Every structure is written in C-alpha cells, then in structure tokens.
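The structures considered in this document are given below.
What follows is a pair of complexes built around subunit A, which joins subunit B in one and subunit C in the other.
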Partner chain A sequence: MSLLWQFVVSGVGTGSVYALIAMGYSLIYKETGIINFAQGEFAMIGAMSLWMFQQQGWPLIPALIAAVAVAAVVGAGISRIVMHPARHSAPLTLIFITLGLDTALRGIATLLWGVNPVAVNPLSGNGSIHLIGAVLSVQNLWVLLGAAVVALALYLFLERTYLGRGMEAAMDNPQAAQLFGMDPLKFSLYTWISAAIIGAVGGALLAPITTANANMGLDLGLSGFVGAIIGGIDSLPGAALGGLVLGLVQSVAAGYVSSTWADGIAYAVLFLVLLVRPQGLMGSHAQHRV
Partner chain B sequence: MATNPRTKEGPLSWWRWPSLQALALLIIAILGGLLLGPSWVSELTVVGLYALTVIGMNLFMGYAGQVSLGQAGFFGIGAYSVGIITTQYQFSPWLGLLAGMLIAGVVAWLLGKLVLKLQTHYLALATLAFGMIANVAFQALSITGGNSGLTGIGNFSLGVSFSNTDYYWFVWILVALAAWYATRMVHSESGSLLEAVRSSEVATKLMGLNPDQVKREMFVVSAILAALAGGVYASWIGYIDPTVFTFTLSINLVLMAVVGGMRSVYGAVVGVGVVQLLGQGLNTVGQMISPAAGGALELTVYGLILVVVMMFWPNGLITAWKGRYRQSSVVSPPSAVSD
Partner chain C sequence: MLELVELTTRRGRVQVLNGCSLSVAKGEVVALLGPNGAGKSTLLGTVMGLYPSPAGHVIVQGQEITRVPIHRRIHYGLALVPERRQIFSHLTVEDNLQLGAFHRRRRGGLAQDVAEVMDLFPGLLKHRHRKAGWLSGGEQQMVAIGRAMMAKPEILLLDEPSLGLAPVIVKEVFEALSRLKESGLTILMVEQNVSQALALASRAYIMVHGHIVFSGSSREAHHALSEGYLAIG
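This part shows the complex of A and B:
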C-alpha cells in the first residue's frame, strides 16, 4: 500500500509535466485545428537551453527566463514561417509538416548540443521531503508548483484579458472573430508562443530530475499527446487531467510490472480511449464522422 | 474539391501498361546489378526493401488518403518472424517469411476493423500507438531476445544459400512484382473506388459503396508488404534488435513516400532512392565535421525536406511534376491535379 502511494506521488510529478505538454497540444488544436507533433520539442528546447545558460554561469532565474524565451522565439518562427502560410492545407498535410518540424528541430538540437545526456542543476538543491510515507524530491515540488502556476496563468490569460478572450472567441468561431477585425496571423502567433512557453517550462522543470538530451522531445511529446487525447484534446482542463492520469498510469505500471512495459501500457490505454471515447474523457465534441 | 471520382481515362496507352512498366523496372535493376560494385549492390538492396514497404504505404496514403505512423511495427513483425523461426526453432526462413506476412496481415485486418473509421488524425495516432506497442513488445518479450535482439538469422536458400547479390535480385524481383500489382490495383475498379474515397468519403457512401472496406484492404496490403520487406531484411542483414523498428523508421518511411509522390507507384521507388542516397551523402559530410553530426545533419535535412515539400507540393514531388506535364500538354480537369 505504501509502495502504491510512493508510485502515485512520483507519477503526479511526471504527470504534471505531461499535463503542461498536453495543454500545449490542446491550445494549438483548439486555436488552429492543427495537431502539433513538434510540441515535445519545446520541452526539449526549454531543458537544453536552461542547461546551456547554466553552463555559461548564468544565475537560475535569468537562465530559466532566457530558456523559455528561446522556445518562445522558435514557436513564433514556426508560426510565422511555416504554420500560418500552410494553414489551409489538408489535415494529412499538416500532420506531415509538424512531423517534419519535429524531426528538423531534433536534428538541429543534436547538431548544436550533441547526443549525450546532460545534468541540469535543480532549482533549489538535491533535498527531498517525506509526504505521509512517500519520498518526494524538492525538484518534484517545483514541478508541481510550476505546472500549477502555468496552468493558472494560462487560465487567467484566456479568461481575464482582452487578448485571451479574443483568442477564445477565435477558437469557437474563427469566421466571426475575423469579421470583428481579429487578425488570424496575430492569433496564430500568440497561440504558438503560448504553447512553446508552456512546453518549455515543463521541460526545464523536468530536466533536473531526468537529465536532458537533444532527443528527449520525441518521447515527452508523444506522452503529452497521448495525455491530451485521453483527457480530450479540445478541452484544456481535460488535456491537463489526461496528462496527469498518464503520468500516474506509467508510474504505477513501471513500479508493478516493468519500466519497459510501462510505455506499452500507456499506449494501450490510448488505444482503449480512441475506441471507446475518441473525444477523450472531458472532450465535448462528439467525434465528427463523415 | 471535386466530388466526382476521376475514373479511368479510357484505355491506357501502351507505355503505361503495368506489366511493361514492371518489366522496365526489372531490366534497370538487372543492369544495375551487373554494372555496379558490391557496395552499391548492398545500398540498392536497402533501397529495394524500403521501396517494397513504401509501395504499400503509397496505396494506403496516396490512394486511400490515410496515414500510418506505425509501419515500422509491421516491418518488425516480418523481421522477427524470420528471426525467431530460424534462430529459436531452426525452421526454414521461407516459412518465417510466410508466417510474418500472415501475422502482419491478420493484425492489420483486426486493427483496421477497429480504427479505420476514425478521423484522419485519430487514425494516425492509433497507428502510431500500434507501432509503439509493437516496439515495446520487441523489447520486452523473451522470444524476441529483448534489447539485445537476435543474431545469426538464417539465410534464404534455393538449393544454395543466397549470396549478397542473390538478395539484390530477389529484392528487386519483389519490388517489380509489388509495383506491378499496385499499378494494376490503381487502374482497376478498386482503384477507382480508392480514388473516390480519397476525394470524398461522403460521395462514396452516397453511391452505396463501402469506403471502410477498401481502406482496410489497402491497410492489409501495406502491412503484408512491410512484413515481407522486414523478413527479407532480417535474413539479409543477419541480426536485428528493437532499435531498428522505431517511430523514427515509421517517419522515414512516410518521408520517402511523401518525397516520391504519394499517388505514384514508381514515384515511391524514386522517392526511396533519393532519400536514401541523400541520407548517405549527408552522413558522409556530417561525419567529416564530427562523429555525431552525421545522423544529426541527416535528421535536420529530412525534417526540412518534409516541411518544404508538404508546404509547396503536398501531393509529392513526382506527382507535382507529372501534374505540371499533364496540365501543359493535355486538357484535363485542373482541380483533380492541384487539389
């Protein structure tokens, strides 16, 4: 029983990073209708840039901000140069484009930073705390806190600011939003930048726990995507919940079965969700079948 | 988008007869085998194996309008069938090859039954999940040798054991047969139905035809071809491990299909050749910079090619080239080409 509790506690840690990445997927999907297979690379960019700035001797906070800024710039570039011009393409074509972006970003990162995993310094030392019998590293607390703050910030941005309301309106009805003079390019840009920031924060917070490398984005991205689908990709809270659930399932499966099978079990869960409830646990739109 | 399926444009001109085209491909392959050195023969054997897989994906993607992101799983099923049957049971690799194709076909049929009615990106995800689960199984099962894989996989033999050059002939005969089958398929009744499914599923249904069935057939065919290629690969190379049959392989296969033109059977062969040779070139250039840079450079350029080709020629390079030729010389509905 106490073992299960330990698995749950560690699962919530990774799960909250998945939740952040899943929210990035959901945001881009809702705003632009695109499944962004490159979402995990924002997490990789966040993690590797944080390491790079730490190597340069930067203090923690500026290094973290700079790392997130790097991801934001990449997100803006992708939106401006690739995704916005290609927005009228067929769904299949858009899938291929984001898969290509994912591959290219991984390649560029490997060219810049090599293939070896690097150790990223934790935000506040290597300590750990005890939580009703389970051990939790302090970095894990930072992950939880960071995920909660980012989720809250995103919620406040979408609900309480003029810009955010506009983005939400554009999600619900792009034509109407355009008629009211909202510029689709601007919204695409904001969406991609937000998604990049969310992903980069997740990656940067996770990196001290798992170490970072130029290839980490693929697995993280796929996990986040699976989380988003499980929870419902057209609902931000749903996607976050799905990410958490996936983290829990993986952690418990890795603990009781084996870490090799844990990934397989995660994909089996995905498969079940696709068959039984393709819109996800909290997705609202019934699947549109032609 | 045009809802009327482009049906057969009358009888085919003689140079478009499937048998003649396949024969031409075979003659080129034979000439290549006779004239080129041993390293080229190995290189072109790999091209042939991928071409075999991509011709299948071409039918599923280009003609049925769907994508499989898990084709490495079927390739792996074929490879492991040959590997397991020859190393764990000492049976003939031919039996392993047949078993692999059968298993892949059955798995694809069952999978198709479950997921082919899903929308494009959910379907892509479901096939991705299949590929991942297959890879995890290759790693975790004991019969597949786990992470260390299988070594000493048996050679094919017909009286005498296959040499490197024999594999080359064998692979390219298979490619010619697959291309012949695929071209005939595309120009047949089912081909017209595929075309209809691609341009409008609603219209197809309204005409009382079943789009799911033809999609499933193509999915099964693509899985069987991938397993065939995987089985021959395992026997040719002699050892396999799970790092070969990954998501990255699935994506590379998609890239090859996309570059060649998703709606052109011979474009698939050209696409594989171009991507594979380019990859080799980039690897060589990259390794002059640093040992790790070879793969990274390849990855970067592959990714950028996929993005650029999809942004500007979403039907693939060969199809775009053919389309331009057709538009300038013959009057045909432009919407069918440029869509």
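This part shows the complex of A and C:
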C-alpha cells in the first residue's frame, strides 16, 4: 500500500507536467481546430534554455523567466510567420505544418545545444521530503506548485478578464468574434504565446528531475497529446485531468509491472478510454471544427 | 449614411451580387426583400467584409470601407445581427452582451449598457448567467440583437430576425426593433416576414438573382408584391 502511495505521488509529479503540455494542445485546438504537433518542443525549449542560462551563471529565477520568455518568443514567431499566413489552408495542411515545425525546432535545438543530455540545477537544492510515507524530491514540489500556478493563472485569465472572455468567444465563434472587432492575428498570437509559456514552464520545472536534451520534446509532446485525448482536447480542465491520469497510470505501471511496459500500458488506457468515451473524459459530444 | 455602389460579390465561383446599389439615410429603416437565394444575406455580409467584393463600393458616412478587414468595420459604426444569430453559445448571456462592446476603447459604462439591453428585452434578465446556447431561439435572437446594440452602432444590419421564431416572439422582437427605430437608430434589415418588415420600414428594396429589381416606399413595395410581381410571400 505504501508502495502504491509512492507511485501515486511520483505519478502526480510527471502527470502535472503532462497536464501543462496537454493544456497547450487544447488551447491551440480550441483556437484553430488543429493539433499542434510541435507542442512538446515548447517544453524542450523551456528546459534547454533554462540550462543555457544557468551555464551563463544566471541566478535561478531570472534564468527560469528568461527560459520561458524564449519559448514565448518562439511561440509568437510561429503564430506570426507561419500559422497566421497559412490560416486559410486545409486542416490537414496545417497539421503537417506543425509536424514540420516540430522537426525544425528539434533540429535547431540540436545544432545549438548538441544531443547529449545535460543536467539542470534544481530550483532549491537536491533535498527531499517525506509525505505520509512517500519520498518526494523538493523539485517535484516545485513542479506541482508551478503547474498549479500556471493552470490557475490561465483559468483566471480566460474566465475572469475581458480579454480572456474575448478569446473564449473567438474560440466559440471566430466569425462573430471578428464582426465585433476581435483581430484574429492578435488572438492567434495570444493563443500561441500562452501555449508556449505553459509548455515551457512544464519542461523547465521537469528538467532538473529527468535531465534535458534536444530530443526530449518528442516524448513529452506525445505524452501531453495522449493526455489531452484521454481528458478531452476541447476542454482545458479535461486536458489537464487527462495529463494527470496518464502520469499516474505510467508511474503505477512502471512500479508494479516494469518501466519498459509503462508506455504500452498508458496507450492501453488511452485505447480503453477512446472505446468508452471517444470524446475523452471531459470533452463535449459535438466534434465540430471551429 | 450607408451607400452601396454597383457592389459585386463572389462566393466561390458563383457571382452572388451583380452590381447592387442602395442607400440608407440617417434615421431610416429600410427593408431588403426577395426570395431565398437572391443574395440578401450576402449583401449584408459584404457590407461587413465577410465576403470579398471584387468591384463596387461600400461607403459609410462618406468613408469608403470596401477594403477594410472584417474586424475593423465595427469601428465605422456598423453592427450586424448575423444570419442564424451566431451568438457565443458557450458563453453566458452577460458575456455575450459585454463582448458586443469589445471594439470600444473605453469600457466604462458597460454595466449601464447591459441594463439598457435588459430594458429592451426583459425576458433575458433571468437568463443573465446561463450559457447563451441553452436559450430558446427567440431568446438567442434577443441576445444577438442586444450584443449588436452593445457596440453602439450608427447603423444596425439585421439578417432575418424572425427566422424560425414563434409568432408571439416575432411580435416581441419587432416591438423592440420599433423602439430602436423611435430612438433614431438607422436600420437595414433582410426579412422574409414581409408584412412585419414593411410595417417597420419606410422604404424597401427587392432583390432577385443578385440584382436589385425594385426600390420604393413600403406601400409601393406591398403593392408590387401583392401583384405577384415576385413569387414570395
């Protein structure tokens, strides 16, 4: 039992990073109706930039903020230079563009930073704490806290601010939103920047635990995507829940069965969820493209 | 106030408007009538920039806006109540109304403006915090009109406000529109309900196959229609 508790505690840690990445998928899906397969790269950019700034001797918090800012600039660039000009293309074309972006970003990262894993310093030492019998690294606490803060900030922005309501309106009915003065170029920019920031925070906080490398975005992106599908990609809370569930299942499966089986079991869960609820745990029934 | 000169519009390969000219003066209510598929909704959509117009001019208060992007047109005092309402169905009634004022630089007085809309449509008051998509068709139409009024338009463009509504609701909607008319609002409306539309409007245009084939007072339009000049009812 105490073993299970340990697996659950570690699972929630990774799961909360998946949750952040899954929310990035969900945001862009809701805004554009497409899957952004480059989503995992924002986590990689956050992690590798954090490492880079740490190498330059930057203090922790400025390095973290700068790393997230790098990802935000990349997100803004993707929106402005690539996705917005191509917005009238067919959905399949747009999805392939994001696949291309994914490869391109990974390639650039490899050129800049090489392929070797690098160790990223944790935010506050290598200590660990005991939580009702389970051991939890302090960095894991930072991951949980960071994920909660970012998720809450995103929620408050969308639900409680006038601009956030406008973004929800544009996701709901893009044409009506334009009729009422909402500029699709700006809104696309805000969406991509938000998706980049939440992904980068996840990657940067996770990196001290797992190490970082230029290829880490692929796995993280895939996990976040699976999480988003499990939870329901057209619902932000759903995507977050799906990410958490995936982290839990992987951790428990790795603990009880074998870590080589963890991914296989996670996909089996995805398969089962899709059989029972094709729209995901919290997704809405209407599968329409916005 | 609003002037369309030889306006042409294509949707895909089909030419929907073949050089339509019409004008609406300040404070006037004008009805645009015609059979299904005549291009009436396309005309309103073209005024708002939803469809590209290869030739012709859209002029609002002396300013040509034919090439202005959709999201800028509301700044010229145009607000559209679109075909099939197009409300933000996942947002509350209150949010729908407030977002009608999105283009306004200063957002002060939003609560006062929402209260004015509630005055116009008291039925919406109890649904204030419900998702707009859950409301009845008539209530959704009221949200759509209210949202457009929140933009404080100079000219209100209405696309079939009575479509799919029960007669008693149609009456309520048209009563609200006549209050807006009395307040001096300029309105251009597309409507299938000819008797309601002509009762509200002072002038009318009739469109067939992308051409404007008739222009005159409401009385003349009634006469033209009753003579079977056009097969619409």
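Rule of thumb we're sticking to: the second predicted complex is superposed on the first by the 285 of 290 C-alpha atoms of A that agree within 3 Å, B and C clash if a C-alpha of one lies under 4 Å from a C-alpha of the other, contacts with A are read in each partner's own complex, and residues count from 1 in each chain.
The working rule: a residue touches a chain if its C-beta (ideal position, glycine included) is under 8 Å from a C-beta of that chain, and two chains touch if they have at least 3 such contacts.
Fair warning: this is a prediction, and the values are worked out from it, not measured in the lab.
A.B. asks: Clash or fit: what happens to subunit B and subunit C when subunit A is overlaid?
C.D. replies: fit
A.B. asks: With the two structures laid over each other on chain A, which partner does A:Leu141 touch: subunit B (first), subunit C (second), both, or neither?
C.D. replies: So A:Leu141 meets neither subunit B nor subunit C here.
A.B. asks: In the three-chain superposition, say which chain, subunit B or subunit C, touches more residues of subunit A.
C.D. replies: Greater contact footprint in residues on subunit A: B.
A.B. asks: Just to be sure I read the superposition right, which of the two partners does A:Phe180 touch: subunit B = first, subunit C = second, or both, or neither?
C.D. replies: second
A.B. asks: Just checking: does A:Val8 make contact with subunit B only, subunit C only, both, or neither of them? Give me first, second, both or neither.
C.D. replies: The answer is neither, since A:Val8 touches no partner chain.
A.B. asks: A:Ser89 in the overlay: touching subunit B, subunit C, both, or neither? Say first, second, both or neither.
C.D. replies: first
A.B. asks: In the superposed arrangement, does A:Glu168 touch subunit B (first), subunit C (second), both or neither?
C.D. replies: second
A.B. asks: Tell me the angle subtended at the Cα centre of subunit A by the Cα centres of subunit B and subunit C, rounded to the nearest 10 °.
C.D. replies: With subunit A as the vertex, subunit B and subunit C sit 90 degrees apart.
A.B. asks: Between subunit B and subunit C, what minimal C-alpha to C-alpha distance in angstrom results from the superposition?
C.D. replies: Subunit B and subunit C, overlaid via chain A, are at closest 9 Å apart by C-alpha.
A.B. asks: Which residues of subunit A touch subunit C in their complex?
C.D. replies: Touching subunit C from subunit A are residues 162, 165-166, 168-169, 172-173, 175-184.
A.B. asks: In their shared complex, at which residues does subunit A touch subunit B?
C.D. replies: 35, 82, 85-86, 89-93, 95-97, 99-108, 110-111, 114-115, 214, 218, 222, 225-226, 229, 258, 260-261, 263-264, 267-268, 270-271, 274-275, 278, 287-290
A.B. asks: Going by the contact rule at the top, pick out the subunit C residues touching subunit A in the complex.
C.D. replies: 48, 50, 70-75, 79-80, 82, 86-91, 95-96, 98-100, 102-103, 107, 147, 151
A.B. asks: Once bound in the complex, which stretches of subunit B touch subunit A?
C.D. replies: That would be residues 61, 65-67, 69, 114-115, 117-122, 124-126, 128-130, 132-133, 136-137, 139-140, 201-202, 247, 251, 254-255, 258, 292-293, 295-307, 310-311, 314 of subunit B.
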